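Next come two complexes built around chain A: one with chain B, the other with chain C.
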Partner chain A sequence: MTNMLEIKDLHAEVGGTEILKGLSLTIGEGEVHAIMGPNGAGKSTLSYVLSGRDGYEVTSGSITYRGQDLFELAIEERAAAGIFLGFQYPVELPGVSSTTFLKTALNAVLRQRGEDELDAVQFMKRLRVHTKSLNISDDMLRRGVNVGFSGGEKKRNEILQMALLEPYLAVLDETDSGLDIDALKVVADGVNALRGPTRSMLVITHYQRLLDYIVPDFVHVLAHGRIARTGGKELALELEEKGYGEFADAPHGSEAA
Partner chain B sequence: MSYTTETADQVSSIAGEKYKYGFVTDIETELAPMGLNEDIIRFISAKKDEPDWMLQWRLRAYERWLTMEEPEWAKVEYPEIDFQDAYYYAAPKSQKDGPQSLDEVDPELLRTYEKLGIPLHEQQMLAGVAVDAVFDSVSVATTFRKELAKAGVIFCPISEAVKDYPELVQKYLGSVVPYSDNFYATLNSAVFTDGSFVYIPKGVRCPMELSTYFRINQANTGQFERTLIIADEGSYVSYLEGCTAPQRDENQLHAAVVELVLMDDAEIKYSTVQNWYPGDADGKGGIYNFVTKRAACRGRNSKVSWTQVETGSAVTWKYPSCILQGDNSVGEFYSVAITNNLQQADTGTKMIHIGENTSSTIIAKGISAGRSQSTYRGLVRMQPGAKGGRNYTQCDSLLIGDKCGAHTVPYIENRNRTAQIEHEATTAKISEDQLFYCSQRGLTDEEALSMIVNGFCKQVLQELPMEFAVEAQKLVGISLEGSVG
Partner chain C sequence: MTLENYQAQLAQNLPQTDLPWLADLRQGAADRFASIGLPDRKVEAWRYTNLKPIQARLFEVGPFEADTFQADRVRAGDTTPALLSDSHRMVFSDGLLIAGAQDLPDGVSLKGMAQVLAEDPEILTDHKQGIGAIRDLPLPTLNRALSRDGYVLVLEPGVIVAQAIEILFQSSTGAAYPRNLILAGAGAQVSVVEHYLGTSEDDYLVNGVTEVHAATGAHIKRYKIQRDGPGASHIATLAGQLEADARFENFDLNLGAKLARSEIHMALQGHGADASLNGVYLLRDKQHCDNAILMDHVVGATNSHQDYRGILDDKAHGVFQGKITVQPDAQGIEGHQLNKTLLLSDTAEIDSKPELEIRADDVKCSHGATAGELDEAGLFYLRSRGIPEAEARQLLMAAFIVETLGHIDDEAIRDVMDGLVTDWMAS
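So, the complex of A and B:
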C-alpha cells in the first residue's frame, strides 16, 4: 500500500531564511496526525509548502503524495488532486458571495478531476447536506466570503469547503484558534464526520485542547524546522503539562537558531 | 451599376465640376480621399444622398470644429492625432471583400468568441464573414422589423431616418448634444456616417430589446456613429449597444455621439458593452474612444439609466450624462471600467439637476491592472431650481498589481440648499493572499481574478439585461488575462 504522504529531509526557505531544516514525516491512508509546536516553529510554513504557495521555496528534499512527486503540481492542481488546506487566517473576498465561491471552487476541482460540473440545483442539494450539520446560515452563504464573519463562522466555513471538496489529505492549520468551546465542538464534529479510511488529516495546533475532540493517531512536535519528537495522543497531554520548554533550545548537533 | 460609377455620378451631379478632379483616382479604392475638408463632407453627404439641410448642418459643424481645440483636461496621454491623416469615409465593405469563411479570420479573435460562448453563426456575423441571404439572422432581423412596425416603433439606420423621417430628425438631432458641443462631438456632427435612430411613440412599451447587433449585417458600424433615441410620453425602451466582441480596426479614432430625448413619464435604459481593440500588451495600436453621450429628461417623471461595461479601447474618454430637467426625473449611471496593460480610461458622468425633486444615482467601478490608468471623473450639479434634488455617488476602485493607477475626480456643485449630495469612494487591491486562497480551492489565477472582479462589479452587471450580463461576466475575465502570474 502506498502512503498518503511521504516527506523526506525537507528543507524550505522563506524570504531567504531557512525555516524547515530536514523535516521528515510519513502519513498513512486514513491516519490523523497532529503537529504541535511553539509559535514560529514553521507549522504554517509546512502547510504552505504542501499547498505550493509562492515564496515558500523548497531547497532540498522530496514530498511524495499518493505516489506522485508533489513538486510537479501547481497549487490548483494539488487542490484538485485532493490536498486541502484549512487556513489559520481565512481570507476575505468582498463582493464574492460564499455560494458563488463554493460553487466555482467545487466545479473547478470537478473539472480538473475529469468529472461533470454541477448545475445550480445539483450544487445547492449537495451544499444543503453540509450547511445543516455545520450550522451555517443562509445569511452567511449570501455574504461575501469571510467578510464580517466571526472567528467561529470563518472556521466553520473552512470545514464546509473541506466537506464539499472531499480531499484525500486535509491540512488544518490552527483550526481551533479563536474558538470558544461550543464553536470548537461544532468544528471538531465537522472534522470527525469527515474521517474515513481513505482520508488522512494533518491537524496543526498549538494547544492540546483540540485533540480532546479530534483524537489523533500520532502526535509530532515540530521545533527548529524538524520533527523533534513523535508519540501517541498522550504526547499532547504531556506537552500540555510541561509546555514547549524542552524544545525552546536548539537540539544537540544542530546549528544555533 | 458598379460602385465606382455610382459614386462618381452622385458626386458630379451634386457637387458639379469642382469635384471631378479630386476623386477620380481615389474612388477606385472605395474610400474618400484622405484628410478632412469641406469637399469630403460634401462627398459623405452626397454618398448618403442627404437633403440639403443635413449637408448644411454638417458644414456648420465643420466650420465650428476648425476653430476648436482638442480637450486636454482628461487624465489620458496619447500622441497627437493628425486629423488629416485619416479617412472619413470608407464604403461599407461589399460581401466579396470580407473574409469568405472563418478560416480567413484572425484565430485570436475566434478564440475570444469561443470563450464568450458566441454561437458559430453569430461569430461569422461579428467577424464580418460574408453571410448569404437565406441565413437565419437575416430573417430574424426582418421579423423584428415587422413586429416593431406593428407597435409603431421606428428603428432604422440614422442615414435612412434623415430621408424617411426628416421632421423628427431635424427637430431632435443636435438638440441634446449641439453640433458645437465639444471637439469630438463637433467632428462627429460634420462627418458621421451612420448610427441608429429610434422613435418610441406615446404610451408604447417597446416589445423587445433593441440592439445595434441586429444591424451589424446591414452596415459596418462606422467610426463616427450617431445615435438618436426619442422616447415619447409614457414610452419605454431598452437599448443595447455594441457587441461583446472585439472589433479590430486599423483606424484609430472612434468618436461617437448618442442623444436621448425623454418626454413625460418616458423611460430609456441604455446599455453598452464596449470592447474595442485595446492595443497589444505594449500599448501598440488600439482605438481612441472619444464619445459624447447625453440624455435629456425633458418630461416630468422621466427616467434614464446608463449602464456601461468598458473593457476595450486604448484610450477611453466618455461621460454619459443626464440633464434632469423635468420635475421628478431620475438619472442613473452604472459603470464598470476595466483597464489592463497600457490602457487608459477617463470616464464618468454628469448629472445636471434642473427640475424639482430630481434624483440621480452613480455607481462607478474602476478596475486597473497592468500598467494601466483609470480615472472616474464625475460632475453632480444642483441648479438653483433643483428643490429637493438628491444624488448618491459611489466610486470604487480595485487595483491588480502595483504598477497601475486609479483616480477619482468628483466635481460637486450645489446651488440649492434643499438638495442633498452623498459621495462615497473606496480603493482596494487584490492581494496575493486572496489569489492563493482561491488557488488552494482549485481555481487558476485567471478564474480567481474573474470571480473576484465580477463580485466587485456585481452591482453594475446586474443592471444589464440578462443575456448581456452573462457575456459581460465572461468578458470581465477575458479582459484581465495575463494581468497576474
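So, the complex of A and C:
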C-alpha cells in the first residue's frame, strides 16, 4: 500500500530565509497526525508548501503524495488531486458570494476529477447536507466569502469547504484558534464525520485541547524547521504540561546538521 | 494646426441649413473653435489626456444628405444585433441616422436631430444655445459647429416609457459629431442606452454631446456603452440640469477606443434633485480612458453619488477627475464620490484626482480613491479550492466591480453589461 504522504528532508525558504530545515514525515492512509509546536516554528509554512503557495520555495527534498511527485502539480491541481488546506486565517473575498464560490470550487474540482459538474439544484441539495450539521446560516451563504464572519464562522466555513471537496488529505492549520468550546465541538464533529479509512489528516495546533476532540494517531513536535519529536496522543498531554520550553532554543550544532 | 487652417477647414465643412439661427450658431461656434483650438495639457481639465491623436481627423465629416432623416429609409443598413431584446431602437452610422425608432408610446417623441431641424425645429426653441456649463468648451463647441445628427427624445409630463430606448452609434471612419437631447417633462420616466460601436480598426473620431433636462420629479436613467474600435478616439460630453425632485442615473461602461474621454457636467438646481453617476472602465494594451465629472450642487437638499471603478492591464492609462461643488447656501446636501482601480500590470497607470469645493456649512461630503493589485492571498485561497488560476482571477475582477454594476437599476441592462464585462475578463 502506498502512503498518503511522504515528506523527505524538506528544506523550504520564505523571502530568502530558510524556515523548514530538513523536515521528514510520513502519513499513512486513514491516519490522523497532529503537528504541534511553538509559534513561528514553521507549521503554517509547511501547510503552504503542501498546497503550493507562491513565495514558499522548496530548495531541496521531496514530497510524494499518493505516489506522485507533489511539486509537479499547480495549486489547483493539488486541490483537485485531493489535498485540502484549512487556513489558519481564512481569506475574506468581498464581492464573491459564498454560494458562488462554493459552487465554482466544487465544480472545478469535479471537472478536474473527470466527474460530472452539478447544476444549481444538485449543488444546493449537496450544500444543505453540510450547512445543517455545521450550523451555517443562509445569511452566511449570501454574504461575501468570509466577509463579516466571526472567528468561529470562518472556521466552520473552512470545514464546510472540506466536506464539499471530499479530500484525501486534509491539512487543518490551527482550526481551533479563536474558538470557544461549543464552536470547537462543532468543528471537531465536522472533522470527525469525515474521518475514514481512505482519508488522512494533518492537524496543526498550538494547544492540546483540540486533540481531546480530534484524537490523533500520532503527535509530532515541529521545532526549528524539522520534526523534533514524535509520539502518540499522550505526547500532546505532556506538551500541555511542560510547554514548548525544551524546544524553544536551538540546541547547539543543530544548524550544522 | 494653425488658426487659418482651422478656419478654412471649418468653413468647408459646416453643414448647410435653411434655419438662420442654426447657421449663425454654427458659424459662431466655428469662429470660436478657430480661435481657441483644441485644449492642450496645460489646461488643468486636460492635464492627463493628450488630444494630438484626434487632430488629423477633426474635419473629416461626411457629406450631409437631406434625406438621411427619413426614418423608414434604410433599415437594411441596420444589421448589428440589438443589445436588448425588448427596446425602441434607433441606429446612427458614422454620425447619421440610418434607422428610426418605431411604435413609440403616446407622449414620446424620438427623432433624429436632422429630422427635428427639418420638420419640427420649434421643439428646440428653448434649447438652441445648449447648456451653459459646456457651451464654450472646445469640444462641445466643435460639435456645435459640425454636428449633422443625433437623437432628440422628448417626453410629455407624466409619461412612463416601459421599454428602454436603445440607440446605436456605429462608426467606421472619419469624424462623427452626434448631438443628442433628452427633454423629460415633469414626472416622466425613461431608460436610454447609448451604444457606441466600432466596426473598423480605423483611427476615426467620435465627439458627441448629450444634453439632459429633467423637469420636476422626472426620472431618467441613461447608460452609455462605449465599444468603439481599437484605433478610435471617443470624446463624450454630457450635461444635465435637474429640477426639483428629479433623479438622474448615469452609467458609463468604457471598453473600447484607444483614447476615451467622458466628461459630465451635472447641475442639481432644484431641491430634492438627485444624481447618481457611476461607471466601469476596463482597459488593456495602450488604451487611455479619462473620466471627468463636475457635480454642481446649486441649491440645498440635493444628493449626488459617484462610484467609478476600473481594471487596467498592460500599458493602459486611466484617469478619474471628479469634482463636487457646493454653492453658497446650498445647505443640507449630500455628495459622495469613490474611485477604485485594480492594476493588473506594473505598467498600467491610474491618475485619480478627487476634489471638493464646498461653500456651504451643512453638508455631508466624502471622497476616496484607491488603487491596488489583485489580492495574492485571495487568488491563492481560490486556487487552493481547485479553481484554475484564470477563473480565480476573473472571480476577483468581477468582485471588484460588482458593487458598481449593482447601481444599474434595469435588470435587462445590467445583464447586458454583465455579459460584456465577463467577455472582457475572459479574453
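One rule holds in what follows: the second predicted complex is superposed on the first by the 254 of 257 C-alpha atoms of A that agree within 3 Å, B and C clash if a C-alpha of one lies under 4 Å from a C-alpha of the other, contacts with A are read in each partner's own complex, and residues count from 1 in each chain.
The rule we apply is simple: a residue touches a chain if its C-beta (ideal position, glycine included) is under 8 Å from a C-beta of that chain, and two chains touch if they have at least 3 such contacts.
For clarity, every value in this text was computed on a predicted model and none was experimentally measured.
K.L.:
Classify the contacts of A:L237 with the two partner chains as first (chain B alone), second (chain C alone), both, or neither.
P.N.:
A:L237 contacts neither chain B nor chain C.
K.L.:
Does chain B (first) or chain C (second) touch A:L194, or do both, or does neither?
P.N.:
A:L194: touches no partner chain.
K.L.:
Pick out the shared contact residues on chain A: the ones touching chain B in one complex and chain C in the other.
P.N.:
51, 53-54, 74-76, 79-80, 85, 87, 90-91, 93-96, 100-101, 104-105, 108-109, 112, 144, 161, 165
K.L.:
Which residues of chain A touch chain C once you look at their complex with the stated criterion?
P.N.:
Of all residues in chain A, those touching chain C are 51-54, 74-76, 78-80, 85, 87, 90-91, 93-96, 100-101, 104-105, 108-109, 112, 144, 161, 165.
K.L.:
What residues on chain B touch chain A, complex-wise?
P.N.:
Listed in rising order, the residues are 428, 431-434, 436-444, 447, 451-452, 454-458.
K.L.:
Looking at the complex, which residues from chain C come into contact with chain A?
P.N.:
For chain C paired with chain A, touching residues are 375-378, 380-389, 391-392, 395-396, 398-400, 402-403.
K.L.:
Name, in rising order, each residue of chain A that touches chain B in their complex.
P.N.:
Residue positions touching the partner: 51, 53-54, 74-76, 79-80, 84-85, 87, 90-97, 100-101, 104-106, 108-109, 112, 144, 161, 165.
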